[in-house]
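Chain lettering (A, B, C and D) follows the sequence in which the chains are written, and residue indices restart at 1 in each chain.
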Amino acid sequence: MPDSLTRAIRWDTVVGALLVVLLLLSFGTVDGFGNALNLSFLIGNTLPIALIALPMTLLVVSGEIDLSVASTAGLSGAVMGKLWNEGMAIETIIPLCLLLGVVCGLVNGLLVTRLGLPSLAVTIGTLAAYRGIAQIVLGSDAVTDFPSQYLNFAAGRLGNTFLPQAFLPFLVLLVIAVVVLHATPFGRSLFAIGASEEAARFAGIRVKRHKLILFTVTGLMASLTGIFWALHYASARYDNATGLELSVVAAVLLGGIDFDGGKGTLGGAIAGVFLLGALQNVMSLLNVSAQSQIVVTGVLLVISVLGPRVARQIAVARAAARSAG
Amino acid sequence: MTVTTPNEAPVAEVPRSSGTRLVDRVFKMRELAILVVFLVMIVVTQIGNSDFLSEQGIKDLLLNATILVLVATGQSLVVITRNVDLSVGSTLGIAAFAAGDYLHGGGNAVVAVVLAVLLGVGFGLLNGLLVSLGQVPALVVTLGTLYIIRGIDSIWVGSRQITAADLPGGFVDFGSGGISAVPWLALIALAVLVATAYYLKHFGSGRELYALGSNPEAARLAGIPVRKRILAAYTFCGALAGLAGAMYLARFGNVDSGTGTGYELTVVSAVVVGGVVFTGGSGSVYGAALGALLLTSVNSVLPALGVSSVWVLAINGILLILAISVDRIVALRVASALKKSAAKKTALQKGNARHA
Amino acid sequence: MTHPSDPGPAPVLALEDISKSFGAVRALRDVSLELFPGEVHALAGENGAGKSTLIKTLAGVHRPDAGRVLLDGEPVVFHGPGDARDAGIAVIYQEPTLFPDLSIAENIFMGRQPRRALGRIDHRATHAATLALMQRLGVELDPDRPARGLSIADQQIVEIAKALSFEARVLIMDEPTAALTGSEVARLFGVVRTLREQGAAVLFISHRLEEIFEICQRVTTLRDGAWISSEPIEGMTEDDLVRRMVGRDLDELYPKQDVKPGQVALSVRRLTREGVFTDISFEVRHGEIVGLAGLVGAGRTEVARAVFGIDRWDAGEVEVEGRRLTNGAPSTAMAAGLALVPEDRRAQGLVMDMSIERNIGLTGLRTTVRAGLMDRGAERSRSLDWAVKLQVKYARIADTVNTLSGGNQQKVVLAKWLATGPKVLIVDEPTRGIDVGTKAEVHRLLSELAADGVAVLMISSDLPEILGMADRVLVMHEGRLAAEIPRAEATEETVMAAATGRAAA
Amino acid sequence: GGTTKNNSKSDDSAATSTAKADPNAALKKGLTVGFLPKQVNNPYFTSADKGGEKALTELGSKYKEVGPSSATDTSGQVSYVNTLTQQQVNAMAVSAQDPGALCTALKQAMSNGIKVVTYDSDTKPDCRNAFVSQASAEDLGRTEVQLLAQQIGYKGEIAILSAAQTATNQNTWIGFMKEELKDPKYKNIKLVKIAYGNDDAQQSFQQTQGLLQQYPNLKGIISPTTVGIKAAAQYLSGSKYKGKVKLTGLGTPNDMRNYVKNGTVEGFELWDPAKLGDLAARTAVALASGQITGKEGETFKAGSTTYTIGKDGVITLGKPTVFNAKNIDQFNF
């Protein structure tokens, strides 16, 4: 049964299983973990990473990367705060900020597709540029007085359950992303582009257009995250979400998405996001220091790439032993 | 196949060669282009602020670039092999603290530097072993070791810090001293840079780094000891990060558990601006060093011109994008111009050949 | 094994009962082979017979599961390609293995550059040695030019130069001529003869049987990974050899059906891409097979790429059934009914890390869709249908294509494009690296397609193939159409005259 | 229509307890107080928290410290507030990275009966019970100008090297510095620039270089941040400006000892962070014991001193200490 064997040891399944095991263990043994409030905190604080991980997974599958997401989020938050201070209505501000995210993503996409620049370099540049613009826009202000119904939506729970109100919209986005990546011709094209851009082009796939769409959507999602962030933490500052890109990248990598492109599943990526989030929550409750948590994250990342390899080698060895026997 | 015409003149490819020489020259000029951008920037600043290129000013420029140049040199080697080392910032930080901790106890400065380098070598080896033996993506592994080394550093260092007061006076003076405007540290960095560049160009193992970055599978088939070379590149990169740590200590006289945090992005930017390509196999350490010089100088130029520090980050980012875009556009233009002129020449020669 | 007709003393290199499996695939089963100094030994077999695997085992790339390798009668174990090289074995692999960023000279001498004092590389000597090699092969490639952008043929020449530079005792060549045209092949054979006379042993693989008969003294045949025979060439006929390879008699190699051409399907007018090709005009009608011949680098591939929209053209127009195509848009070309089987199957034809199923499915993303979502059932049956029709040899349809032999990969590329049901099919070197049996099949297939009304434009460096299959032959010379020759007048002489620019244009 | 700043009702359901303070209530023992600094491993906060630990041990209560490893990881700090809430500590002492971001979580904590004291860096007043301020912002701002003015003889150009542009406390101090400079006795002093070094050694270093290049006649620099003053001092001591350009601001004696001794710096000031932590701990225990509720005018005893709660629940530690060559050796933090 080599087929079911290889399927069983696929890394995304392993990450999913690890997440389940961690949750089950923590429910039983970690004080304060299982109650609804903590779970809502856990999910709420992980949501920004999860939101960006959705388009990031698609992007990485197609062989590109966007490191400017956290800056885009910060910029939308800053612009949101600025416009709010100017007295504009929040219902106008939010679409404007989303539009801004689209523009940010479009700039990345155009630089990558039109000029053929490597996305890593481009988005390191825009990582600084967008954050810098955010700083120019909002300066030293911290805007905190957003309308309470919005704040409550971003920070509140669904009744007395453990689910944050914002979880349902996220779930909808997740389903959309899964369907797009794994069940549409568009998603199939992304895998082809990631594995071999040239072969994809020869198969009539519009590589540049696909990439441009992806970067734009990533910008949109990043700005959505920025808005959510500002409301969730009731604070719009230019340095909101600083460093979030590394958390997203780490989580996506942990979920088994191959940075060479062409491989991975969204399920794995999201499992990676929540595994890291849950682990951090549990470790804090267990009084593990922040420094040790960093080490654990690092070790987990290293294992995430060594793990599948070792598993594959074991599988190969077993198959060989079986065919010899 | 009986359609043999052995006497027939081989398909002429003469224009190709002259064309590629030109391309070659242009590629060498890519480093020149960064240099030009750098010089223009300096001159403009000097016009705007006549104090900028004072002895002190030049010294500051050089000192600022030194540490980044060192780390970028090491990073280039790794990037040339189609890998990356994101853990350099963490390595720099822990090496700097180790050296400081040792000097704090009243140690010898030379031993401290050796200690920092050895620590760097150790972490470089770790990265190299994981990447080459595990054959796993370098980006992930070194992101992992970035966290691990930083975590170990914070656990070990805690809230301790080393300040200039804890260090031997001579060590700190060395960090800011030099021959008139040329700091000692810059001389060390220059020596390392030139030696590395010479090695890459003139030694077999240096060329093999390019080869295996260019096509890893072909490198294996050509009998290049791929793992050994990758291991060596990482070790060297780690060693330079360690040396940079010691220099950081001498220069700033001040290290704690956060030293070097986020440095990896700066280093990667410098390497990218310097024209070292992330898909491996091309680029030079001189380019990377120039990239480092350019990036650090922006941070000196803007304050010297009185640009509010609020603008610095945005300008930095936009400059980075401009630098890589201009580089790319120039390369594309030159390539298409060359192609057209080559085509014309071919046509001409063919016309001549036919008449002859 | 005994060899009654041993040409020389002791074999320089021998394989004894070598077996090698990849997972469930048994690529080699108890294969033995002896190579003697001063002989050119052919290795023949269908696609997937195990030829390349055998060579990689000899070269230290693969470790055999069982059996021994003997060098000068002594058992040796090669731990890597470096070991084999040090033992004096030079290898040209089936797929070029160049470093695109490095110069041709460096590609050839990587790891063995001439040295100066202190182990420094002598760049000047490297350059000179490369020039000398190029002269020996009769080509003029600039040693300082980077390998990126070399045509497949030029890449192959660099590979040959690299192998020659070893001055090895054993030279192994896996389909070195697949990408070459007649004149280069002739040069190569000249060099090989010299080497043989100097006492080197050469192992040679080719699917062009006439080449085997031209240059080789002995031939070993493999079938499905098993050793079939080793014998002298002398006294053998092509049919004998084919029978040993395929295990049966072969169909006709060029089963061209006569078809009455219909309406114009593809019309190319005054197409120009500056510096590459100029003023190309031609038409292909439904039911017609048009051959496009020319020397390596004449620009045939470039025309095909531009017509299909991979590259942009600078002037001119392309019409499919009267509909103008957009410049630089493969997707609209596909929608108009155009298909291109590209020249480089590994880089352009296939996504190597994807399954056979999905590779074939890639051209059907618009059709195997239900309500906007992939219809996996339809995708699988479409892929299976075509894989079976083309007799692709695979273990499971979900296996990645990089586990297939070269010829079977080529079949997957064909399957992928035939599955689109094209009106106009452009095939660029469709049978490169395909065994004779399959070649006949591909030809039969192309002929049937034409009979069904598909317009076929066939680019090939295999002149007999062009002559055997084409209704009309277009000949390109240095980026221009040099001649258009109807089937009746097309001979090797007329085509070569036009291709080398000797015909009155 | 739409919701704008002007028509949205600000959420004033402040969690300020309605309970009455009982000044005579006994201090409870066996409480747990969680310290949440802006950043763990930061020497300044480590000193402060050590002070808190000592006070709590003295009072018979338990001390614990959690916190993010980066001073800009606001979401990290929020999750630590949540962690402390889950662990049901009796009170927490928080140095807020952001005045607004912690609010939801802190209110959540207060509604779970946890007393919240902010120290060093405040949140919005309705998100905590009391704020322990290191020194009055006004005192700090004004005294730094006075210190520098004396050193440069009330004449010449000066600049400020601050931390992040968003640092709330820095900005308040700078505001008071500007106020102070309006006094006629400073008519010959000109504030030419405020630079931001983002509390990063290297950036502060380069900003100092820039200041000196841009203003060759610069006479003095005020850096109201421990990181900034240290970096500026290190640069000055290795440059030709050493001793010529005066530097003052907020620094710790251990950091600055060398520069004071080698003549780079004449004098600077700071409060004792350990005392700040001590007061934060005692305030937390007093709140948890019901001695105070955080209303203006309430008083309580911490150690031997009696503190009065000011407007908005602010408790001020006292005047900062000025360090110079004469007294610096008496301090070790």
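We take it that a contact is a pair of C-beta atoms (placed from the backbone, for glycine too) under 8 Å apart; a residue touches a chain by one contact, two chains touch by 3 or more.
Just so we're clear, the structure is a prediction, and the values are computed from it rather than from any experiment.
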Subunit D and subunit A - chains in contact with each: B
Comparison of A-C and B-C (more C-beta pairs in contact): B-C
Chain centres from averaged Cα atoms put subunit B and subunit C apart, in whole Å, by 41
Just how far, in Å, is the C-alpha centre of subunit C from the one of subunit A? 44
Where subunit A and subunit B are represented by their mean Cα positions, the distance between them in whole Å: 30
Centre-to-centre distance between subunit D and subunit C (centres being mean Cα positions), rounded to whole Å: 74
Quick check: what residues of subunit B touch more than one other chain, meaning two or more? 154, 257, 310
Junction residues of subunit A - those touching two or more other chains: 135, 139, 289-291, 294
Every touching pair of chains is listed here as A-B, A-C, A-D, B-C, B-D
Subunit B-touching residues of subunit D, taken from the complex the two chains share: 40-43, 45-46, 69-70, 165, 193, 195-197, 201-203, 205-207, 209-214, 216, 230-231, 234, 237-241, 254-255, 257-259, 261
Of all residues in subunit A, those that touch subunit B in their complex: 111, 115-118, 120-122, 124-133, 135-136, 139, 246, 249-250, 253, 258-260, 289-302, 304-306, 309
Subunit A-facing residues of subunit B, complex: 130, 134-137, 139-141, 143-152, 154-155, 257, 265, 268-269, 272, 277-279, 310-318, 320-321, 324-325, 328-329
In the complex of these two chains, what residues of subunit A are touching subunit C? 2, 179, 183-185, 188-189, 191-192, 195-196, 198-206, 262-263, 316, 319, 323
Sort out for me which residues of subunit C touch subunit B in the complex. 59, 61, 80-86, 91, 93, 97-102, 106, 110-111, 113, 115, 119-121, 123, 138-142, 144-146, 177, 181-183, 185-187, 190, 208, 210-211, 214, 274-276, 295-297, 463, 478, 492, 496, 500-501
